[in-house]
Each structure stands twice: as C-alpha cells, then as structure tokens.
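We just call them A, B, C and D in the order they show up, numbering each chain from 1.
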Amino acid sequence: MSGFDFLTTRLETALGWGRKFSLFHYPFITACCGMEYMSTACAHFDIDRFGAGLTRFSPRQADLLLVVGTISHKLAPVLRTVYDQMLEPKWVIAFGACTVSGGIYQNYAVVQGIDRIVPVDVYIPGCPPRPEMVLDGLLKLQDKIQHQKQDWRWARKP
Amino acid sequence: MGQETLIEAIRTRLGPDLEGSADSFGDLVLLLRAGSVRPALAALREAPFDYAVLLDLTCVDFAASEGRYELVYHLYSLSRNVRLRLKASVPAADPSVATLVGLWKNAEWLEREVFDMFGVRFEGHPDLRRILTYEGFEGHPLRKSYPWRLEQPRIPLKDDV
Amino acid sequence: MLELAIAFLVFGLLSVIMILVNFVLGPRRPNPAREKPFECGSPPLQPGIGPVNIPFFLVALLFLLLDVEIVFFYPLALAFRGQGFGGLAALGAFIAPLAVGFAYAWKKGIFRWS
Amino acid sequence: MEPLTRIQRQARPESMLLNMGPSHPAMHGTVRVMLELDAEKILNAEVEVGYLHRGFEKTCENKSYFNLLIYTDRLNYVSPLINNLGYCMTVEKMLGAPVPERAQLIRVLMSELSRISDHLTCLAAMAMESGAFTVFLYMMKAREYLWDTIEFTTGARMTTSYIRVGGVRADLHADWRGSLATAVRETRKVLKDVSGLLDKNSIFVGRTRGVGVISREDALSYGWTGPCLRSTGIPYDVRKAHPYLVYGRLSFEVPVGEAGDNYDRYSVRMREMEQSLRILEQVAALIPDSAPLGPGPALEPEQALRRSRTARATVPIRLSPNLEGSEKARLAGLACQEPPVAVPAKEDTYASMEGLISHFLFFMAGKGIRPPKGEAYFSVEGGNGELGFYIVSDGSDRPYRLHLRAPCFHIVAALEQLIKGRLIADVIPTFGSMNMIGGELDR
C-alpha cells in the first residue's frame, strides 16, 4: 500500500467516523409513523444519543432524508424535489412499511415503496416500527456510512 | 316532536319534492327529487325544523345495478338534537345536482370531494376542482367501474425495483 | 504581545481550515433542482422574488445600526473594569443618540406591520 | 409547466406568492397553504389537501368487515381506538349485536386513554410550532405512559385493532390498574406543569389570544364539531348529545370556551383532558377484577413455555388474560356470543370439530360478519369531533360503500377564512390548534 493510499484510507475512516456521528436529518413526515417518530425523537427513546438528533427542516442543511409515513402519488413529486435539493453526501432511510413497500395500502393512490422514487439506504419495516427498531435502523445506517467508500471532491471514482 | 309529526310537517312544507320516507335501523331517511335538493334543504334549515348543521355529504354508486348515483345528505339540528338523512338520486348518464354553496360553507369542499371521487357535477359551484386526487388524474376512483389498483403516477417511477 | 500573535495565528488558521474543509470534502454534483428555491417541495408560484417591501428594508436598516453599536461594546467591556464613572459616561454618550433614533423609529411605527 | 392554481390567477402582480407547502414542519407534512403576501400580511390564501389520500374508502369496498378493522386504526392515527370504536359500533348497529357490560367498560377506558393522547399530541405540536419545545417534551413523556398502558393490554402502542366488532379482542392485562394509576398520575403532573408554562405565558397568549377567531354561526356553517366547536361556546359533545356505551352513567362536564380563538381551543383541550382523566378513574372503579387466574401467577407465553418444559404439568398453566380468547368463560364477558360476531374461543376451536368448523367459517370468504342489507350511520366523539361512519351493506361480507365523516375535513375547510388578513406567523398556531390529521382528512 503506497504512502498515498495509506493517507486516503486514514482519511476515509476519519471521514466516515465524522459523518456517521453527525447526521442532520430532514424529517419528511406524512402519516402515522410520524407519531412513532415523535416518540423516537423525544426524551424517552432519544435519537440524539446517536448523534442524529438535530432536525433540519431545509434540504440544504440536511444529509439524511428520513421518509416517514405513506407517500401517495400526489406527494411523489414533492419527495423527488426535496431529495434532489439535498446536497451530497446524502442518505435516505425508509421508515415504516408504507415507505418500504406501500404497506397495507395497495391501491390507486399510494406509491408501492419509495425506492421507485429515490434510492434508499436503510429500510425500517413495521407499521409503525417501534422506536427501538428505528434506532436499530439508524445504527445500521451508521455502519454503512463508516464502511462505504467515502465521497469527497477528489475521491477516485471506483 | 315525534317522528310521525315531523314527517307530516316536512311533507306539508316540501310538498311534491318529498318522494318518500323510510327507516333504516332507527334513523329517519327522506327521499328527495334530485331537482329540488337546494330549496328542500334551505327549507329544512329554517324555523320549525332548524337543521343548522350540514353534517356530511357523500355519494353511493349504484350505476351498474340501477343506473344512478345516490347523493346522501346528513343534517343535524342542534336545538332539537336530532339527525336527518336525505337521499337524492341522479341518473348515471349525466349526474348533476344543484350546489349547496351559499347555504353552508363546508358544502364547497364536500362537493369538490364528491365531484373528485364520483364525477357528480354541482351546478353553481364556484370552484369545482379535484380536491383529493391531483390535476392529471383521469377518471373518478370511487366509481365501481374504476379498477381498485390502477395507479396513475405523476412522475416516472422506477419499475425494476 | 506574543500571546496576541499566537491567538491571531491559531484562530486565523482554524477559520481558514474550516472554510477549506468544506471546499475539499464537499463533492460537487450540480443538478437542475438544486438551482430552484426550496418551496417546501412544491413548484414555486413565482419565477423570481418580486420587489421587497419597505417595512423589511427599514427593520433591516435598524438592525444593522444597533448590531454595529453592539460590536463597539466588546473593546469597552474588556477595559471597563478600571474606568470608574468616566467609562460609564463614555458609554452613555455613545448610546444616547442611537437610543433617541431607535425611539423615534419605534414611535413612527416601524414595527407596526398590519 | 404546472397548471395555474386559483391563487396565481387571482394574485395582484406586486404581491409575493409563497408556498407553505406539504413538506413543512408545521403543516404535518400533508397540507399545502399557498399565500399571497403584502410584506407579512396575508391578502389571500388557498389550501390544498389530499396529499395523504390513501384510497381508504375504495379499499374498504374490497375487504371483508373483519379485515377492514386495521384500516380504521390508521384514520385518525393519534386516537386510533376511537376509530375502531366508531366502526365497530356502526357494524353492531346493523347487526343488532348486544355488547357485554365488561367489554363496554373496557371500550370506554381505552377510548378515553386514546382521547387524552390525541389532545396531548395536538397541544404538544401546537406549542412546539409556536416555540415552546419544553412543552413538547413534557407531553410526549406523558403520552409514553398512556401508550404503555394501552400496549400492556392490546399489544401495540398505536395501531391496536383491539376493539373488535361485538366487543374487545381480549381481557385487560393482569396488572392494568397499576399502569393506569401511573399514567393518570404522570399525566396530571404534566398537565399542571404545562398549564403553569403556557396559560399566562405572554408570548403564547400574545400569539394565540384573538388569533384565528371564528364566530358561532361560521363554525356551525362550516360543520365544525368537537373541541374546535366547543371553543366558540356551543357545548355539543356526542358523548352527551347521544350517549353511547356507558357514558350515560358517568359524570363529566363538557368544557366550553367563549371567543373561539386559538387560545380557547388550547384551553378547551386542556380542560377536556382533565375530564377524561376523571372518566378513567370512574370507569376503573366500575370494572370488576377479572376472574381469578387460579393458583399460579399470570404467566407470559415464554414463561409458560419454560414452565411447561421443566415442571411436570400437575398444575394447569394459566396464560396471561390478555392473550386472544384464552378461555371461554372469560370470552363471554368480552365479546357478543349471539349472533356470533367475534372470533370463537380457542378452547372450542382446538377441542371440538364443530368449534374448528365455526372458527374456519368465521374467516372464510363470503361467510363471517354479514350485516343485513341496508345502510347505517353512527358517530362517536372522536379527538377532533363527530367521527361518523356511514356503511351501506348489500348483505355480503364486504361493505358496498363505507364513508367516514372526517371532523377535521370540515375544520380545515375554514382555514382560509381564519388566516386572511393575519400575519404569516399566525398561520402556525391557527393550523396547530385545528389538529389536522392527514389520515382522517384525506382518507
């Protein structure tokens, strides 16, 4: 491993460590899972213990899009616009069965899973998922961030 | 006043507009002629009956079996603490009925929802547009003829997921 | 004198690093949606932003005035301990005209919006 | 290009048009308010809803009465048990099925717990959006205790499907009195703290007193019901106007406001929570302790499994009472037996052939719950107002038409009138105090 490679791997791990513990999430809340998101974000289950507590209500300042609740076809362009307006590096969590696969609503009105609209990193099943499941999903995302190839200005494309 | 006297009072008040009355699980139901919905409900809002609140307005699709849409109005009288259900049938070929905008303020949104879901036109409605579905949506989803799972996406969706 | 130099050096370096870090680590991936303003996800109702109303301008001006005034308090606060009454008088002389201006603006209804 | 909305056509050229769009923290993610502004003053507004339209009524036409229950949880997802109650009582009205006394008491207990968590969530969101984040945290803590009580009995925190047609799914948890007492104590403590924080808080009062005022005639003309209507002074509460279940026997008042502004909506909900706590205590006193469980303590399934492996089964193992249909004797008090509308007892199902057949028939397509041909409308007092179900049945096991009278559909219809001429900042508390719930609004 040449000197330069040694440097970049150290940089990658440092970057991964920094990014995974300072996730600013944009809560894209629509439906019932929002109640469970409230419990997760509040004092009892406290998502802030894992560094992801700061909610940013503008896609410019957020790097984690937390899609919570059913996404209907009328809302799909809104979700796509918010995702496009987020800055790199960005991640997406699908929170709840409706975002994962349309859940119990398979009809003319609901998008059958938000991975048809935006690329999703972690899927959290459950209708609604218990707060512990949400925190577990967040930890899985943090592992993914730590061990993935970090994206920075002069990163060599794989 | 008891149910009998009430029906008589309404029959004298509405005259030919009242086509009949029925009882469904204890609730009083009145059948109206489609053309006279607005005057009839305006009359029921006034003094002796004072049904002040338009509780609900919805529609049931009997197009396949009986070729008609049935508009169901629920009124509620605060002073007499009693509900009333009124039904009016409109032909499935050209479903249209007079609007209630001007009598009650929630009629605007209720009628927009029935138009959106069933395609019943409300004459005189100031702003009859879709309310629950979106602009590019063809067809009226709650009609029995509309397939249950026919999706009309607004943006191109990835299918290979 | 040396500590001042070290302080300026350290803080200067830190701020430069923080600015550069964003430039180095932030990947550049332009896409058309990012140019449009963020309007809660829905399409914007107006192409650009029209003329800004007068009340916004007045409040902004007043804020600028008072904010600059506060910046001058910092050096005064550092050296305020040994001044005694003279320091207070100087502070009063500095604040008085601005306070009169602020009261005048308030009375003229700069904060009454509707 | 997007077709021109109504507000774009009517707007004056020099005014600024702003989207308070669906994905906005104070718009609960599902309502888009388009504002025409002169500096901060709102000249004209247009409210666009439907972003959470999930085709509930169309789905109901393709599901059987039993399977449809899970969709009712997700209508007003802040007080799910009250939706279950409304739906089940409408079907029972059509079936003419008598609900046993114990099931009625448990239903009142559960729907009052649900109503308090509804008001807590509404006021928490309204306070947080007006800047009082501490109140949000306090109220969410109180709601956790309430949800614990609900979870011990029903097994789920929110989407419970616990109230079934004909009664309830299973008995209360063995230690339900303890968790209920904790929940009531904690909620009272939080209510005292929050009223201390907000009632005379000059910022909160300044932002809500006299803002979003609606007159009684307008409120009735918009078809308002529930806490929002009571804030204008009209004491219409379905629990008092048409008493159902055991509400007739309970003593509670209906709090009423005077001016019909945001502050009154806030204070009516606060006082209504105290009344609901009173109801909880009265109902807890009315519910007799369930039949003793026999010698051993009530075991959770895994303990029973461990016990069955180790000890020779000399003593009959008693499962925790809130498992589904654990004993026929217990089920008699929980669900209506004639006509059979509830899931038959497990003992019959596993013991006798007829029991197995009746259980199978209950779930078979075309069989199960089949109300007679006809239509029925029944409404209960939901978190936001009169929650009415209108079901048209054609005798089959699927409703021909099911319509929900959504109280917050009528309340949000008045939003445009309430915010016209106000400032932008007034939209947030006004919308917060309406307690708009997407699932119920757009169905």
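We adopt the following convention: contacts are C-beta pairs under 8 Å (C-beta built on N, C-alpha and C of every residue); 3 or more make two chains touch, one makes a residue touch a chain.
Everything numeric in this text was worked out from a predicted model, so none of it was measured.
Separation of subunit B from subunit C in touch steps, taking the shortest path, is 2.
Across A-D and A-C, it is A-D that has more C-beta pairs touching.
For subunit C, the chain with the farthest CA centroid is B.
Mean C-alpha positions place subunit A and subunit D at a centre distance of 29 Å. A separation of 34 Å divides the Cα centre of subunit A from that of subunit C. Between the Cα centres of subunit B and subunit D there is a gap of 26 Å. With centres taken as mean Cα positions, subunit D sits 47 Å from subunit C.
Multi-chain contact residues of subunit C (touching two or more other chains) are listed as 40-43. Residue positions of subunit D touching 2 or more other chains, listed in rising order: 21-24, 50, 53, 55, 58-59, 442.
Listed for subunit A are residues 74, 77-79, 82, 107-109, each touching two or more other chains.
Chain contacts in this assembly follow no simple pattern; the graph is neither a line, a ring, a star nor complete. Under the touch rule stated earlier, the contacting chain pairs are A-B, A-C, A-D, B-D, C-D. On the side of subunit A, the complex with subunit C involves touching residues 15, 58-60, 77-79, 81-82, 84-85, 87-89, 151-155.
Residues 3, 6, 49-50, 53, 55, 57-59, 61-62, 93-94, 218, 220-223, 225, 234, 236, 241-242, 374-377, 386, 388, 390, 392, 400-401, 403, 405, 409-410, 413-414, 417, 442-443 of subunit D are the ones that touch subunit B when the two sit in their complex. Within the complex formed with subunit D, the residues of subunit C that make contact are 39-46, 49-51, 53-56, 113-114. Contacts from subunit A toward subunit D in the complex involve residues 27-32, 34-36, 38-39, 42-44, 55, 57, 69-70, 72, 74-75, 78-79, 82, 104-105, 107-110, 127-128, 130. Per the touch definition, subunit C reaches subunit A in the complex via residues 23-29, 31-34, 36, 38, 40-43.
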